[in-house]
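Below, chain A partners chain B and then partners chain C, in two separate complexes.
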Partner chain A sequence: MNTTELLNALPVTTWNHLRVNGAPKEANLPERPESGWGETNTAYELSDGVRCTAVLPQECTGEYSGLGKEADLRIHTEANFSRFFLAEGVSEGITYLREKLDAQHPNAVTHTAIHAKSGSKVTFVQIIQSDPEVEGLSASLTQIAAEPGADVTLVQLQLLSGKSKRYNGVSVKVARDARVKIVRAELGGNIVVTGARAMLGKTAGAFDLSAIYYGDGDSILDFNDVAVHTGRDTHSEMHTAGVLADRCRKTLRGTIDFRRGAVHAVGHESEDVLLFSPEVRHRAAPLILCTEENVEGQHAASAGRLDENVLYYLASRGLDPQQAMRLMVDARFAPVVDQIPDKVLRDLVRASLERRLEHAQILG
Partner chain B sequence: MADEVKKTQVEDIDRSFYDFRYEVNASFQTDAGLTPEIVKQISEEKNDPEWMREFRLKSLEIYNRTPLPNWGPSLEGLNMDGIVTYVRPNTEMQAKWADVPDDIKNTFERLGIPEAERASLAGVGAQYDSEVVYHNVKKEVLEQGVVYTDLESALKSDHAERIKEHFMHLVPPTDHKFAALHGAVWSGGSYVYVPKGVSVEIPLQSYFRLNAPGAGQFEHTLIIVEEGAYLHFIEGCSAPKYNVANLHAGCVEIYVGKNARVRYSTIENWSKNMYNLNTKRAVCEAGGTIEWVSGSFGSHTSCLYPMSVLKGEGARMEFTGITFAGNGQDLDTGAQVIHAAPNTSSHIVTKSIAKDGGVSNFRSAVAVTKDAKNSKSAVSCESLMLDERSRSDTIPVMDIACDRVDVGHEAKIGRISEEAVFYLMSRGLTEEDARALIVGGFAEPIAKELPLEYAVEMNNLIHLEMQGSIG
Partner chain C sequence: MSQALLNVRDLKVAVEEKTILDGLNLTVCPGEIHVLMGPNGAGKSTLAAAIMGDPRYTIEGGSIEFDGEDLTDKAADVRARKGIFLSFQTPQEIPGVSLESFLRTAQGAVQGKQPKVMTFRRALAEKMELLNMDAAYAERYLNVGFSGGEKKKAEILQLLTLQPKLAMLDETDSGLDVDAVKTVAEGIKAYHNENNALLIITHNAKILEGLDVNYVHVLDDHHIVYTGGPELVEQITAHGFAGILKGADEHGG
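Right, the complex of A and B next:
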């Protein structure tokens, strides 16, 4: 199926020459091979209170992810692995969704739906990994519906090799007094296209996104996160920290969309980027769209190198520049890494970052 | 009535001050529409040098093959076939107001231009429809070697070669469709040349008035400020309201020399049938500074994003702007900056107010090239929504290709704080006064950047009458 719409399209377009209106063409979702996507190396472990359902819950459909409608449809129809979950009651455990790309299973096109029933509390962790040399594809669509009072946490850890492509669409529907939280770490892949879109349509619904990314080599990173507020007293928090090294090209679009009726809605959004190389390209488009008078919206973005005064201070305390850099990156990523509810996974993420930072040059 | 809960009202800008008109008394005007014949006609009428005639025709070709922008406000209501691109008023350019025909002179008298000239300006240019009808500059400024005249006269002076070297080099006709249109049909506008080291202490001002219904105004302002010089240039514009669309596609090009400084202040108050598709651009050499102060109040639709190219090391840009959109208005404004040299800095501060179904959008672009090491940029935009029928979008973009930078952006959107209203009322203010004070305070950081007479005009423009109770 050919897609005609831009991936990760900016909700309101702007100057074309800035190249932020959508993901670049070279980051398009690859066409399905004639032989199909093959089999996947995918597994899941259910926690108490979570069970699988054979049919896609209708509650999870009707909205689209930040990737866009056409990309969602493609992943939906071409998925070589689909899993639909129903969560009831309060669960202290974690449901793990594991996906590994290897020579025999280089492509995982996965469709996941999470339907959290009223008053439920549940945590899902998606772990996407690959063998170092595999040139694979991980394309996933995750559709979440949180019924009134539900509390859903989705942790996405992407640790692919530098030769794989990653597409990650998340659509979220938040009901009255419900909360959906996404903790996202995109730490691998040579093309990463990610878009989360939350529809806050009911009173006092909340959406939190805490994200980190690390881009190096010649990778392309493209993000499109959107919080649409139509319900009263809805709340969104979208905060991203990132590191760009080598010749990485990154675009982050973050949109808070206050629509009529979103009385007393609050939305905050931020991005903080560390630039480690004079050859990186950092693009950001943090939008606030507003057709409701009674709201509070704020965004902040900053980009730059490590503060030389901080480096100097740390050097005076006996740290070499590489150690100082690690410390500073750790400090930036810690608020997100610390939210990973599993020590083994936290260590996995830290080890991955450690490996990447070893190759980074910070002082030109 | 005590039991009637009224929403807070902020009155529309009182436009009656600007909304007067005279019969069109043109000595020449083209047919409506845009054809090579019309472009040639304008060129002949203006007695263009050959290179300009060719430039116009080439621009028309570019216009014809360039699509309308696929972003920004809708331009559906703009029909170029209905626009008259050239209307020459029935007078030559004069250096004394007494010599200007009564209808035109009365127009500018009512707008307060001659009075402002006497009180606080070093020179004034006044354009009526497509041509400049009055131009005068104080003797002492002329004695400093400053040139301030209409562009048509300058093209025939010893500055002709300099104009040829600079005209539409910063804004080439290929830039966008309306830059191409401007290249094809431009007329009127001002030429300012400030020699090395000269500081023009008192501002120069050009005022643009469009009187003819269904007409376009395409004035070109070319400013060259040499090394170490200083200029404050003020631009004002207005028009009476008609039922047909008018078009303003002017162009401003500013060349800021090494260590020179230019301040460019604008109060835009076109009528609400105007499509204001204006292009402004400045380039700054090493150590140069460009300061934009911009107030956008009028127009049916505006697309206005002054661009600053910081070409030389240590160049600096400041943009301070306010946009007020009321009923039927779609004002898409902001700023662009390109940091193209080391140690450059930019600072963009804007305020947007939207009410009564108006659309007030902020759009910006901050680009930092590979060579712009140790550059700094800060963008801050605040929007105030005065009712739930209006719209205010903030669309900023950063594009950074250099790691040794410090770039920050912050934006806020909100409403009048009930806590602040409550506090002020507890200090004895009525609710109406409290709300007026808060909105006035919101606009104040911009107002204080304006020249005094324009700050007064802005206060006239934002005639904020508040009434009602907490609703």
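Right, the complex of A and C next:
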């Protein structure tokens, strides 16, 4: 199946020459090979209060991810691994979903649905890894429906090799007094296209997105995160921190869409980017749409190189430029990494970053 | 006099093509405490920055020898690992890095070996107690939201942790209340011994109480114009620089 629509399309298009209307063509979702996507190397561990269901819960459908309807449909229909989860009750445990690309299983097209019943509390962690030399594909669609009062945390840790492609669509439906929180780390891959879209349709629903990314080499990173508010007193927080090195090209679209009925809704978004090279291409398209008057929307964006005064201060304490760079990257990512609810995984993320930074250079 | 720890010879320093120091000489030996005074804008902070290796300053002439090695062209991190420390007037705020984590990283960098967590924490707690610092500050991001006094205490905490051979304190007492100055002075006393040395830039005699100052230097007109003993501090505090600078002029200082 071919996709004709733009991946990660900006909800309201702007001038084409700005090149932020959608992901670049070279980042399109690859066509399925005639032989299919093959088998996956995936596994999952359920926490208490979570069970699998055979059928895709209807509650999770009807909305689409930031990637777009066509991409969602393709991942849904072409998936070589699908799991649907039903969460009931309050669980302090973690449900793990592990995916690894290797020579025998280079492609994982996965479809996950999480239906959190009323009043439930649950945490899911998706870990996406690959062997270093694999030129693989990880394309995933995660559909979340949080019923009234439910509290869902989804942690996505993408630690692919620099030769793999990554597509990550998340669609979220938030009911009254429910909350969905996504902690997202996109730290690998040569093409990364990611889009989360949350529908805040009922009173006092909340959506939090805390994200980090790291891009280097000639990689393309493309993000499209959207919070649509139609319910009263709904709240969205979308905050991203990133580091770009070498000749990496990155675009981040962040949209808060206040629609009629979203009285007293609040939405905040921000992006903070550290640039290690003058050849980096950094594009940001923060967008606040508003057809309801009584709302509060705010966006903030900052991009810059490491502050020379800070580097000197760190040097005066004995840190060489490489150590200083690592410390500053750690500092930028710490507020998100610290939200990963498992020390082993936090260490895994830090080690992955450490490896990436071994070869990083601050230029120009 | 024992072998010099710091030997600054005929130093010429410029910033943005403006000469700040010229023909400056200074020798500091282990165990000594030197005080550097002078009118505002004389170049006291520039001297400390040049010794530390601040890249904003250009060394146009002369040399900086430390512990028998010429460090004139070395970067600040190399100098720090050799044992030079500067307590900044305005320490940087670093969101995302806790004070404890920063100190551990810095100690690892200076000593070439990461300290063990529990041993480090115990030692840190003792030093924080000495400086009347709330233990909670160890978990807070470095200098973020710290009061002026807490920032200066955090600098002295770094001094006590890193145990450099030469500590330069650039107006560490400025903006501190009387009690905080006393606490900082206690920290400096705890640091000082016969193997290390201090170069203290100050306008205030209070921070020197309890310290056996060896030399007081007055910096003006791009170089050190007068050097005396500890009595000079009181003289300057009481009468200002005018008399000394006039005397230095008359003696061709």
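In the analysis below, the second predicted complex is superposed on the first by the 362 of 364 C-alpha atoms of A that agree within 3 Å, B and C clash if a C-alpha of one lies under 4 Å from a C-alpha of the other, contacts with A are read in each partner's own complex, and residues count from 1 in each chain.
Everything below uses one rule, namely that contacts are C-beta pairs under 8 Å (C-beta built on N, C-alpha and C of every residue); 3 or more make two chains touch, one makes a residue touch a chain.
Keep in mind the model is a prediction, meaning the values are calculated, not measured.
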item: Touched partner set for A:Q323, first chain B, second chain C, both or neither; value: second
item: Touched partner set for A:T13, first chain B, second chain C, both or neither; value: first
item: Touching partner for A:S47 - first (chain B), second (chain C), both, neither; value: neither
item: Which superposed partner A:E292 touches (first chain B, second chain C, both, neither); value: first
item: Comparing the two partners chain B and chain C, which touches a greater set of residues in chain A; value: B
item: Contacts of A:A300 with chain B and chain C, given as first, second, both or neither; value: first
item: Footprint overlap on chain A, comparing chain B with chain C; value: none
item: Chain C contact footprint on chain A (complex, rising order); value: 307-310, 312-321, 323-324, 327-328, 330-335
item: Footprint of chain B on chain A - complex, ascending; value: 12-16, 18-21, 258, 260, 275-305, 364
item: Contacting residues of chain B [partner chain A, same complex]; value: 70-72, 363, 365, 367, 370, 383, 385-388, 390-415
item: Contact footprint of chain A on chain C as seen in their complex; value: 52-56, 75-77, 80-81, 85-86, 88, 91-92, 94-97, 102, 105-106, 109-110, 141, 158, 162
